[in-house]
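Each chain carries a letter (A, B, C, D, E and F) given by its place in the written order, and its residues are counted from 1.
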Amino acid sequence: MPYVNIRITNEKVTPAKKAQLIQGVTTLLKDVLDKNPNTTVVVIDEVETDNWGIGGETVTERRKRGE
Amino acid sequence: MPYVNIRITNEKVTPAKKAQLIQGVTTLLKDVLDKNPNTTVVVIDEVETDNWGIGGETVTERRKRGE
Amino acid sequence: MPYVNIRITNEKVTPAKKAQLIQGVTTLLKDVLDKNPNTTVVVIDEVETDNWGIGGETVTERRKRGE
Amino acid sequence: MPYVNIRITNEKVTPAKKAQLIQGVTTLLKDVLDKNPNTTVVVIDEVETDNWGIGGETVTERRKRGE
Amino acid sequence: MPYVNIRITNEKVTPAKKAQLIQGVTTLLKDVLDKNPNTTVVVIDEVETDNWGIGGETVTERRKRGE
Amino acid sequence: MPYVNIRITNEKVTPAKKAQLIQGVTTLLKDVLDKNPNTTVVVIDEVETDNWGIGGETVTERRKRGE
């Protein structure tokens, strides 16, 4: 029954990688809290780098500097 | 003043259906809790099936099996 | 499979009212989008009036003025 | 370490405006709560006007009436 | 830089279990997407069973039936 | 009409500080995007330090080390 929301920057994450994240989080919740995988929901949000800020600036700016 | 966030998979939901959801939730909050419709906010997020997981796998995989 | 998050101020909402909201939203998603009620998740967050702002001020302040 | 999520309608917000929002919120959290800007995360979600409801109707409808 | 929000019912999860979840998710994001653990944020929300609905009813009701 | 969610650790933030955050964010959205303050909603979530992770560990652990 858990609901997990993973928010990451939109930088070419493949469907295979997303499937790995979903499986990994679902397994973790089963292992740590014995949560039923059948009702564990995982939603991945991919956010444009213009829309993600850290340290007071956008990730777009940071990427330009090679960070 | 309530804020409601509805998250669904992105599978061709028409603007008319979205309007129905928004109206329905707003009316429900008026009926059950007497919340003022004028300040009730409803936001619908449509999530790609690659990004939505349940039962440890993506909805894309489930749809391939006809589920 | 939808996930719905209802955020309201924490002002003595009874368990019966919460159950009504949950049932109402689940039925709405079934009626409008034919979503399976068995996997529809609804989470209600009750937020203290000090922590909810609208119009640039807290709901606590508004309630003091009788709004 | 704060996490701030700003949700607005998707109506041609420029990258420069987004950068201003991110900087402004980060500075506010430093000024008011002495939060370290280096670990303050700000995520902006732009939501289609069909998907945003207020007063029981979509913003698309309201915009048509010039509101 | 990812932000992960884990929402579970409030049913006596110990601090040690929470620490395991946080470590597990952070490691997963490092392994799958090479995300820097130092800026990965994980927030766990524990929700009262009266406030969590699935299948159109509260978890409180389900627990009463031994589910 | 914007909705802003500020998530911080629960470490004795006074009502006055919360009111400052709400006012500050509302003013920022007015100044940068000309958003109407009357319908700008700001919700502050205070999260226990056991439930907030960064760098793979809880904030509780970090606070113990004086960070």
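Note that in this section a residue touches a chain if its C-beta (ideal position, glycine included) is under 8 Å from a C-beta of that chain, and two chains touch if they have at least 3 such contacts.
Nothing here was measured: the structure is a model prediction, and the numbers come from that model.
Chains that count as touching both chain A and chain B, per the definition above, are C, D.
Minimum number of contact steps separating chain A from chain D: 1. When each chain is reduced to the average of its Cα atoms, D sits farthest from chain E.
Ranked by how far their CA centres sit from the centre of chain F, the chains are topped by B. As for how the two copies chain E and chain F face one another, under half of their interface residue numbers coincide. Inter-chain centre distance (chain B to chain C, centres taken as mean C-alpha positions): 14 Å. Separating the centre of chain A from that of chain C, both taken as means of CA atoms, is a distance of 25 Å. In this assembly, the C-alpha centroid of chain C lies 20 Å from the C-alpha centroid of chain F. Residue positions of chain E touching 2 or more other chains, listed in rising order: 1, 3, 7, 21, 25, 39, 41, 43, 52, 54.
Chain pairs recorded as touching, per the definition above, are A-B, A-C, A-D, A-E, B-C, B-D, B-F, C-E, C-F, D-E, D-F, E-F. Partner chain F is touched in their complex by these residues of chain B: 1, 3, 39, 41, 43. Within the complex formed with chain A, the residues of chain E that make contact are 1-9, 13, 17, 20-21, 24-25, 28-29, 31-33, 35, 39, 52, 54, 59. Against chain A, in their complex, chain B makes its touches with residues 7, 47, 50-58, 60-61. Within the complex, the chain E residues that touch chain F are 15, 18-19, 21-23, 25-27, 37-46.
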